[in-house]
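Labels run A, B, C, D, E and F following the written order; every chain starts at residue 1.
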Amino acid sequence: MKIKIINPNTTQSMTDKIAASAKIVANSDTQIIAVSPQMGPATIESYYDEALSAVGVLEEIRQGELLDADAYVIACFGDPALYAAREISSAPVIGIAEAAMRTASYVSTGFSVVTTLQRTVNMSWHLAHRYGATPFCKNVRACDIAVEELEVPDSDAYRTIRDECKKALAEDKSDAIVLGCAGMSDLCLKLQNELEVIVIDGVAAAVKQAEMLVQLNLKTSKVGDWASPPVKNYTGILSGFGVR
Amino acid sequence: MKIKIINPNTTQSMTDKIAASAKIVANSDTQIIAVSPQMGPATIESYYDEALSAVGVLEEIRQGELLDADAYVIACFGDPALYAAREISSAPVIGIAEAAMRTASYVSTGFSVVTTLQRTVNMSWHLAHRYGATPFCKNVRACDIAVEELEVPDSDAYRTIRDECKKALAEDKSDAIVLGCAGMSDLCLKLQNELEVIVIDGVAAAVKQAEMLVQLNLKTSKVGDWASPPVKNYTGILSGFGVR
Amino acid sequence: MKIKIINPNTTQSMTDKIAASAKIVANSDTQIIAVSPQMGPATIESYYDEALSAVGVLEEIRQGELLDADAYVIACFGDPALYAAREISSAPVIGIAEAAMRTASYVSTGFSVVTTLQRTVNMSWHLAHRYGATPFCKNVRACDIAVEELEVPDSDAYRTIRDECKKALAEDKSDAIVLGCAGMSDLCLKLQNELEVIVIDGVAAAVKQAEMLVQLNLKTSKVGDWASPPVKNYTGILSGFGVR
Amino acid sequence: MKIKIINPNTTQSMTDKIAASAKIVANSDTQIIAVSPQMGPATIESYYDEALSAVGVLEEIRQGELLDADAYVIACFGDPALYAAREISSAPVIGIAEAAMRTASYVSTGFSVVTTLQRTVNMSWHLAHRYGATPFCKNVRACDIAVEELEVPDSDAYRTIRDECKKALAEDKSDAIVLGCAGMSDLCLKLQNELEVIVIDGVAAAVKQAEMLVQLNLKTSKVGDWASPPVKNYTGILSGFGVR
Amino acid sequence: MKIKIINPNTTQSMTDKIAASAKIVANSDTQIIAVSPQMGPATIESYYDEALSAVGVLEEIRQGELLDADAYVIACFGDPALYAAREISSAPVIGIAEAAMRTASYVSTGFSVVTTLQRTVNMSWHLAHRYGATPFCKNVRACDIAVEELEVPDSDAYRTIRDECKKALAEDKSDAIVLGCAGMSDLCLKLQNELEVIVIDGVAAAVKQAEMLVQLNLKTSKVGDWASPPVKNYTGILSGFGVR
Amino acid sequence: MKIKIINPNTTQSMTDKIAASAKIVANSDTQIIAVSPQMGPATIESYYDEALSAVGVLEEIRQGELLDADAYVIACFGDPALYAAREISSAPVIGIAEAAMRTASYVSTGFSVVTTLQRTVNMSWHLAHRYGATPFCKNVRACDIAVEELEVPDSDAYRTIRDECKKALAEDKSDAIVLGCAGMSDLCLKLQNELEVIVIDGVAAAVKQAEMLVQLNLKTSKVGDWASPPVKNYTGILSGFGVR
């Protein structure tokens, strides 16, 4: 099976990291194709970045359809363009926030999300609400780390994240950690070992969730809101996006 | 004061209609500038259209900043890119769904939204939730009219919408109607007269709300999530969108 | 247009202050008529005061109908008798808590209400719920200031309120302040300047909201719960209140 | 023990009926004192009536304090002035809507409220929410009967109510009926027998709830919001209401 | 009237304590029959204990039916098997968590539950939600006391609980305490006296609630979910539990 | 990997059917062990049956621990004893209702649950709430089929279920069906083909979910509520259940 993972930002080192995390957990007969879009923001740290990243995500879904991808993963914790992506493919499309939160709910009675910047905390709460995870999400905490710092080899990022996780466990009375950024996926195992608690990486969770849906032959329902978008003309730099 | 109204789709006849509706209610010293973006979908009828319309909306906000617009209105009932737009301007940005629902809540104990396609009904409910309007929103009803039909001079659109409004009042026990599409703004007065009930057009509501915020000197708060987006590189067809 | 502002308590100095705050933001062609009722409590600091203040509020609405007021503002943060007032007039009636919270929601991702006494905190939360503002209201905080202290020229009230606002911004991670008492309306600008953050005064917000509804020709819907009350006999000291 | 039941309206025949219903269920050593206030509306059928009925309710609580009433029941399904009443007495004060809904929740997995006028339906939903009864309240249904019709000996009221109850059981899949008006208390047993289902009368439920709280020596907590109202001057026709 | 109180655990000293607490508040003509089951856990401190305690609870209900018990109380704050018990009797069945939380809501604007082990905190929140008590429940706090410690005559349990109650009142701004374990019922009066605040013991509350329902002749509704279970074969150690 | 599937009822034909459904979707290296307990109800159709089925479920988990099962599935749509089971194993335990609802939420914007008896409808809603699925669950519908009818070869069960599914799709505007009983698992494919819409069987979903968690090496968190139950004595027919 072919799973296309779309890192909605254009930072190739993060895409490589995501690909590595995905391959560790993928089944042996799963082909992981991890890409960054040809356009858009270097990292996603605002509603603005998130809104504009949709263009690249949707372009990559369109390209994926030509390759007959069996499923897609959108590998940014804001799950940008998730519902739009589902409209233009019948293959399952999984967001990493969605997969991480739902997966955590099977093994944890209350998790803390540990994410990068304070300004994205509300966004995570909004997603928790959208996915029905509020009963399980005890807190969302920011580390005040810029996403790009996660790409700097010898930064303090790991220690800062670990310390926030420790505070989460103690103060929120959480029993699991959900990593709030795809760029943290390489830290998952190390954190889990050091903290001695379950740590959920959305990239891994989404890949397994995608495999599961494909194996169950479950596709995005096309009789409701996620039917193909109406045929329509698009203009300007988006002229290639018209649905026919 | 200058209010820039952005019709997120590229259908100029709808933009003209929106401009006309806005000018009827605007204060005499308010300058209405209504535009369609240079890019994007002809109409917005899916999550896909909505996600991609963000590019044009944000481009128009950026242009508006050069003109020192005092406030912005996003004139599509899905309020596309609303939170992103607020990040790149300190001038108030108002969505028409947001304005319509909140305005209705001052004069109605329970309204029905009457919109175009069934597939957008959940989207409206999602917005009602986001804006805290669920206690006031008794129902969201679709007419199964494509948005472009609203632009056809002698279509049955008016009668179809009116009949759905009548059903809403009778079956939902609503005491007001909220029009669920900017393209219905020219029907508001006619419907109100024929139905003898309050009908709220989001374009008009948003323009007055924008004027009010400007007069109160209230700007988008920049100390929270809606601070300016972090400086960042953008590439490809979006290379012009990088924040500096 | 004539806007009648009813201060539900009988403290004339507060009424004068409210009138002044209203006039600063009112349009040039808006006539502000601010009154205290002929009966009722000197200040409103309990459910008991609030319940009894309804008599004066409703009497003033009744008087306002004889003057053809175009809209009413109820200028106490408990919004006493708001729904009852809407029944006996078709002119819009706006509560200052309602207007403050909804107005804040256009420019803030999360505000803190700063009010007088701890015992009114739940009341504000109840209103936040009623108006759908809970997603935006991060906290309600009391200063332990009696309402009448706000009328004492050289009291510590300003400093106490300012300090509570500072704590709100830091601890609640709010990005705006909503003043939880009409008696604080004269402090709004000073607080906004000193705190360098948006501060919302409900009196100003309600006046502008009232103007907006009048300009849009939106009246309280009379086909639902807010229809005129059934004709009925009233006795005793309330004998004048019977609806005919 | 002395339980004072306050019928918030001035219709003595309804007060008599309420007294009779209360005496049937009261313990042998409970003294039932049922009164109508000396002021206010003949019946309560709107927010306006409800707001103004508070004056009489609170006056009767004040009179009750002189008589050392052990508990109070407010016998109107809108529970007018309930929280205010709790502030001026340490004896328990019980509303009939509150008692009916909570009592029903012990024996029913989902009840329907059957009330008088459509315009009070939202009011009941609001109370259901306030008391945490929404999970148990399947529907609120109006019979379009004016309250005073319930006082007319040979009216169709009983049949109309019974038929609405039947519809409630069938359509709402309810397993119990809550009567939504104190004026229906005399119909409870007859309905229960004819419908062969549990029918809850709030008057009876509130009397027993009051007895129970007195027997448990539980009084209204005075360390929170329901502490005695601050001492204060009242003027005009309410001058007697000042707290000292 | 005969009220059978089932302590779902097998610790007889706790059953005796519960019986004593019940008899203090019961009416003179109420016969209290308090039992521990013939099977099951010594104390209930986990979902596991709670699930298995259902067997004994249901067996005791079945036995109670032979004795014509008029009502049942399940005296463990997790209310184990409450809904199942209601199916096999038409007599009212009351859980102590349910009774405590609802009773508190008549006299408190916000209570704190003080319970034994941290691991049961979520369980209490879940019950608060099920019973509609979340608006009234400000916090659930654990003392980290094992249930059996409550049975040790000279343990520190009382002081630990009292101190947690004090913290609850100060930090949660609660105005009442709900005891979160039947084993604390003997501490209620002492705590109330020392804390000078209302303290609710669920055993006492449930007994009075049961008396009230019997006096009102309200039985568990048998036309909905709580109808008698379908006739069915049971096997193994549960072979005696088949419904015929 | 070894997945033990526990059918909480004792009907072997249903266990066989569940095993068959599980084996169809399981990975080639997954060993499916499907059992019915040695005790308990023949089918589960009430809270009573559900409560008592916990004994057999927990016994089978205990047995499974001796076999080093890698994960467990509880194959009844009420998910009996799910949280208790998680306490006594560190292997993941998945309920079929939980798995079905969460899995549906990846591919459907709104599903209908179609289940057996009306009396279990509230139970499903309660689970939908517990798992955060209420935003996705449009309706729960009963077919009025007893569970044992599903085991009768030539019954009308299939047609009845299919017709209810059709009504669900039309009336609820759902875009997917969730089967509300493990005994329907063999009908899933046939229904999906005939209805041309996604149909989710919880047994299949739970098996895949279990596999995914094992592959991700995610175990039930033992630092929170689901830690091993405290050591304790059990007596009577449950004496074997004491935790040591």
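Quick note on the criterion: contacts are C-beta pairs under 8 Å (C-beta built on N, C-alpha and C of every residue); 3 or more make two chains touch, one makes a residue touch a chain.
In UniProt terms the chains read A, B, C, D, E, F = Hydantoin racemase.
These numbers come from a predicted model, not from an experiment.
Chemist: Quick one: how many steps at least from subunit A to subunit F, stepping chain to touching chain?
Modeler: Minimum number of steps from subunit A to subunit F: 1.
Chemist: Give the chains in contact with both subunit B and subunit D, ordered by label.
Modeler: C, F
Chemist: Counting contact pairs by residue number and requiring over half to coincide, which of D-F, B-D or D-E is equivalent to A-F?
Modeler: Equivalent contacts to A-F are found in D-E.
Chemist: Using mean C-alpha positions as chain centres, tell me how far subunit A is from subunit E in Å, no decimals.
Modeler: 44
Chemist: Nearest whole angstrom, what separates the Cα centre of subunit E from the Cα centre of subunit F?
Modeler: Centre separation, subunit E to subunit F: 29 Å.
Chemist: Could you work out how far the Cα centre of subunit C sits from that of subunit F, in whole Å?
Modeler: Subunit C and subunit F have C-alpha centres separated by 53 Å.
Chemist: So which stretches of subunit C touch two or more other chains?
Modeler: 109-110, 121-122, 130, 173, 224-226
Chemist: Sort the chain contact graph into one of these: line, ring, star, complete or other.
Modeler: other
Chemist: Report the complete set of touching chain pairs.
Modeler: Result of the pairwise touch check is A-B, A-C, A-E, A-F, B-C, B-D, B-F, C-D, C-E, D-E, D-F, E-F.
Chemist: Looking at the complex, which residues from subunit C come into contact with subunit A?
Modeler: 109-110, 173
Chemist: Could you pull out which subunit C residues touch subunit E in their complex?
Modeler: The touching residues are 118, 121-122.
Chemist: Okay, in this complex, where on subunit F does subunit E touch?
Modeler: 10, 37-43, 45-52, 54-56, 58, 81, 83-84, 86-88, 119-123, 126, 130, 146, 224-227, 229-230, 232-239, 241-243
Chemist: For subunit A, which residues count as touching subunit F in their complex?
Modeler: Within the complex, subunit A contacts subunit F at residues 25, 27, 92, 94, 98, 102-103, 105-110, 130-136, 169, 173-176, 196-198, 200, 204-205, 208-209, 211-213, 215-216, 218-226.
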